[in-house]
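Presented below is the structure to which this report refers.
Per-chain residue numbering starts at 1, and chain names A, B and C are given in the order in which the chains are listed.
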Amino acid sequence: MGLLEKIEQYTNRGTDKVSNKTAYSKFIDLGFPSLKNEEWKYTSLKKIIANNFEIENQGEEITDQEIKNNSLDLDNKVVFLNGELYQKPTISGVKIEKNIDHSPKYNDAITALNAALAENGYNITVSENTIVDKPLEILFLTKNKSENLAQYRNEIIVKKNSSIKIIEQVKNLSTNLCFSNMFTNINLEEKAIIEFNKLQNNNESQIIVDNTNINQETGSNSTFNTLLFGGAFTRNNLNFSQNGERCESNMNGVVILDNSEFADNHTYMDHLKANCESNELYKGIYLGKSKGVFNGKIMVRPDAQKINAFQANNNLLLSDDSSINSKPQLEIYADDVKCSHGCTIGQLDEDAIFYMNTRGISKQDAKAILTYAFASDALNKISIPYLYDVAKDLISKKLNVDLSF
Amino acid sequence: MKKEELSEDELLEKVTSTEYKYGFTTNIDSDTIPKGLSEDVVRIISKKKEEPNWMLEYRLKAYRTWLEMKEPDWANVNYPKPNYQDIIYYSAPKQKKKLDSLDDLDPELKKTFDKLGISLNEQKRLSGVAVDIVMDSVSVATSFKSKLADLGIIFCSISEAIKEHPELVQKYLGTVVPARDNFFSALNAAVFSDGSFCYIPKGSRCPMELSTYFRINEAGTGQFERTLLIADEGSYVSYLEGCTAPQRDENQLHAAVVELIAMDNAEIKYSTVQTWYPGNKDGVGGVFNFVTKRGICHKKAKISWTQVETGSAVTWKYPSCILKGDHSIGEFFSVAVTNNLQQADTGTKMIHLGKNSKSTIIAKGICAGKSNGSYRGLVQISKGAKNSRNFSQCDSLLMGDSCGSHTFPYIEVKNSSSQVEHEATTSKIGEDQIFYCNQRGIGTEEAIALIVNGYCKDVLNQLPMEFAVEAQKLLEISLEGSVG
Amino acid sequence: MLKIENLKAVVDGVEILKGINLSVNSGEVHAIMGPNGSGKSTLSSVIAGDETYEVSSGSILFDDDDLLDLDPDQRAHKGVFLSFQYPVEIPGISVSNFIKAAITEKRKVLGLDPMPAKDLLWKMREKMDLLNMKPGYLSRNMNEGFSGGEKKRNEIFQMAMLEPKLAILDETDSGLDIDALKVVANGVNKLKNSNNATIVITHYQRLLDYIVPDYVHVLHNGRIIKSGGKELAHQLEEKGYDWITKLADEKWGS
């Protein structure tokens, strides 16, 4: 039975199953997006939704040792196990609760489905004038007895003059397919700062569709790092709206895929107010039969003058069977702006490899070093030294070389 | 300073009063058929043109395909959809007899050409350009025909080609742009009444520029011309196309199809200066320009599209290259200017199929007034297109805070030995550049013209000399007073 | 020729020029010196008509016209030339076409037809020789990819072509090596005559060894705090600016 039928079967069992009925009927109306949908032109859900996903959790026990093994083991951790909040830290000035928000924040079928049926997630509120020193780790672990749909709905509110750094991971510990439909809404109040790191280093049984909305008020600053090193299927939608002046938004991505992995990074930068800035840098490295999609849109609304918006998407295709589709877009309705995008698709520089060979570096190492160098400017935006090391370590594993230089 | 504000108003006044210089009509008797489209109309057109049966069948098939198609709405343009039953599909200037020489032309018609700036004799003498003129829907004059014929070059109207060279037309018509390709190509295939045909034989280099001028004259007519250009192995041709229409309050439809075939080692250079009536400052009237242009490159062949687009109320146009042969080359150079309420969604498609194929895209958009300009392009590198290369540069220059400029590139790469580079920028015309020019005594208007010309230079340089000068002037006229 | 009275200018609400008084007559060379941030470049920009600066009071009389009533291009037509500290790049426009446009515009105002191409080219050659410029220069795009020295030389070349009454050289020596400096200075000196005047704006005395000023003014904190002959430049070179700026700060506050 396909996912749609499973969902209908589940909701037919009782009205209490649907948390938001409007959202649910919206989902039923729209149905899962097909390739005809411009936003899903290169990304097919057809095979995925044909799977026999269970809607209710039937999780197996996850031990503390497993949590430790799959986390970065930071001091401050929020841990969800099989859909339930298992652990949360106490941090002064920060309130962490189970999220019960089902307000109508959805704009397509997938987010509507999340709004309709998600029952869990976190709500993090950072009080005014609070600087959270230590990064906060958020971990969603599932270990299911069967193929499973897991939905979370999260909210982060960073109040005036406050800042926080977050590292989030979603992991499936079982070999049964898990379809994680994640939704996170982030509100940055005046002069608030956030650095959000999404570490997606998943196995072949993890499917993720993630929607993150970041709403920024005057003078706020957001940095969003996507570190995508694996997973059967990953679709990230990252939507920024700058609702006040003097905002800065940064998004960086490093994508390294191998085998038959697929990843689609969709970003939407909406400049609604004047005197703001955005920077976007996505680096993609594709090995094996992997496929990548990048879709980045910069929108500058009328009267949003003095905007500097920059976007770059660089890709390396390192194997004959890998492919990339890229759609960088600019939609500009104000004139006093500087906006640019660049996209490149290519290979490693043969001359550089040869040069390194003559200096005694093996071909494989030379390639790895150059590949790493290619990714490094996006990687350098991570401000948490420990995470930087972890990312570097994961890259060296993925590229199968020693990068301990 | 206070002085400047005053001149801003003056400038604004000037923009809104800039008139379309080709907005006249010619009083020529014409042979028109009633409005509307049906199988009968298609038959009438075919009959009027004394076409062979295969051509009628081709048209009817296209018409039936068209009936099942929907008008596309994916482009970033908004316009009232034309009522296809309210258009006259055939209008020919009445002529007593077939002309042997341009000197025999109807004097009224000749005046039209003079107003268009095409003094045929002058052009003949000075630049040796062979000109074919399509008025409303029918080719009215082709110059230099016999001289070209000596070289085996066929340059005539497409209706003549259908009669005189049916084997060529039948072999190639619709092979690059099939009728079913899109809504407008189907419509064109059903009702096209004329256009140009050109065949360059093996190994020959066409000694002069070939040129077609298109003109919509009659009210309520649509223009559906069809151009088919075949460059046989190792040949070369440079082809120019220009177009104008009278100033009318209604929207006129122009849905043309251009097909280029470049055989092995052949080269085609196709240049367009598009100046259809853009409508007035309030967006009333103007031509809807929905055009399908595509070329196919065989082994080591090259097709180069150059366009300067300043006209039309709405433009929807993507001159494309199918790079089928190994080592084939596709180029697209474009300047698109929109002012007042004009909308343009234009770009190209480069489909790389052959090994070592190369493509270059240089697109310069200039938006002023309340206009919207979009670049939409596709670069597709297939799995077999080893070592292929693409470079794209799309820049937009904005003048005034009510216009919009958009870039929608699609890049699809399935090959790890290929390199694709795409760059796009959007910015305001540089105030520091204008001030620098001012300091040297160059006024703001001239400074803008100078800066815009410099900005478009890479594209204008691709145009044949006599067109380049015209295009430069055109840019100035289109943007007159567009900066406050 | 030039008479500046009580000139005050503001940018983004901050007063940069706080009352400048300066008179320049035909045939004179004036040097305006001063530490960084004293307002030197603002003064030159205001004379040329840069809208970034708002003139809050005062006047700039040039012959009989008040420059403040004129647009930048009109000022240029009257004979005001500014050699920019940072010349602007204009992609796609060659040096020769740019100069042609500038000269044609000026002649239009004077009611003259464009200069015949041959004459123009001949004049360009002559002026290029004066500045030791290679012929290839003319076809390069305006300042695009030019080195610092090439840009400055291009400024003086345009000055030679436009033959202004008043030339303002804003930090023309910055970015020039000693050989290039000599060439540029030599060019400026050759263009000097009894009907025109030059204002040299510089931080260092170096350029003044080659373009010898009749008057030296020290600008500090938006005011001319000391004027003198060419020997003042030497004093500044030896003692620095502190000895006079301190006195001025005592008078007006820093």
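One rule holds for everything that comes next: a contact is a pair of C-beta atoms (placed from the backbone, for glycine too) under 8 Å apart; a residue touches a chain by one contact, two chains touch by 3 or more.
Model, not experiment: these values are computed from the prediction.
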Given chain A and chain B, the chains that contact each of them: none
Chain centroid nearest the full-protein CA centroid: B
Which two chains share the largest set of C-beta contact pairs: A-B
Distance from chain B to chain A - Cα centre to Cα centre, in angstrom: 44
CA centroid of chain A to CA centroid of chain C, Å: 55
Whole-Å separation of chain centres (CA-atom averages), chain B against chain C: 48
Where chain C touches two or more other chains at once, by residue number: none
Multi-chain contact residues (two or more partners), chain B: none
Contacting residues of chain B [partner chain C, same complex]: 1, 3-4, 7, 430, 432-433, 435-444, 446, 450-451, 453-458
Contact set on chain C toward chain B in their complex: 48-51, 54-55, 68-73, 75-77, 81-82, 84, 87-93, 97-98, 101-102, 105-106, 109, 141-142, 158, 162
Touch list for chain B against partner chain A, complex: 74, 396, 398-428
Sites on chain A touched by chain B in the complex: 38, 42, 302-303, 305, 315, 317-320, 322-347
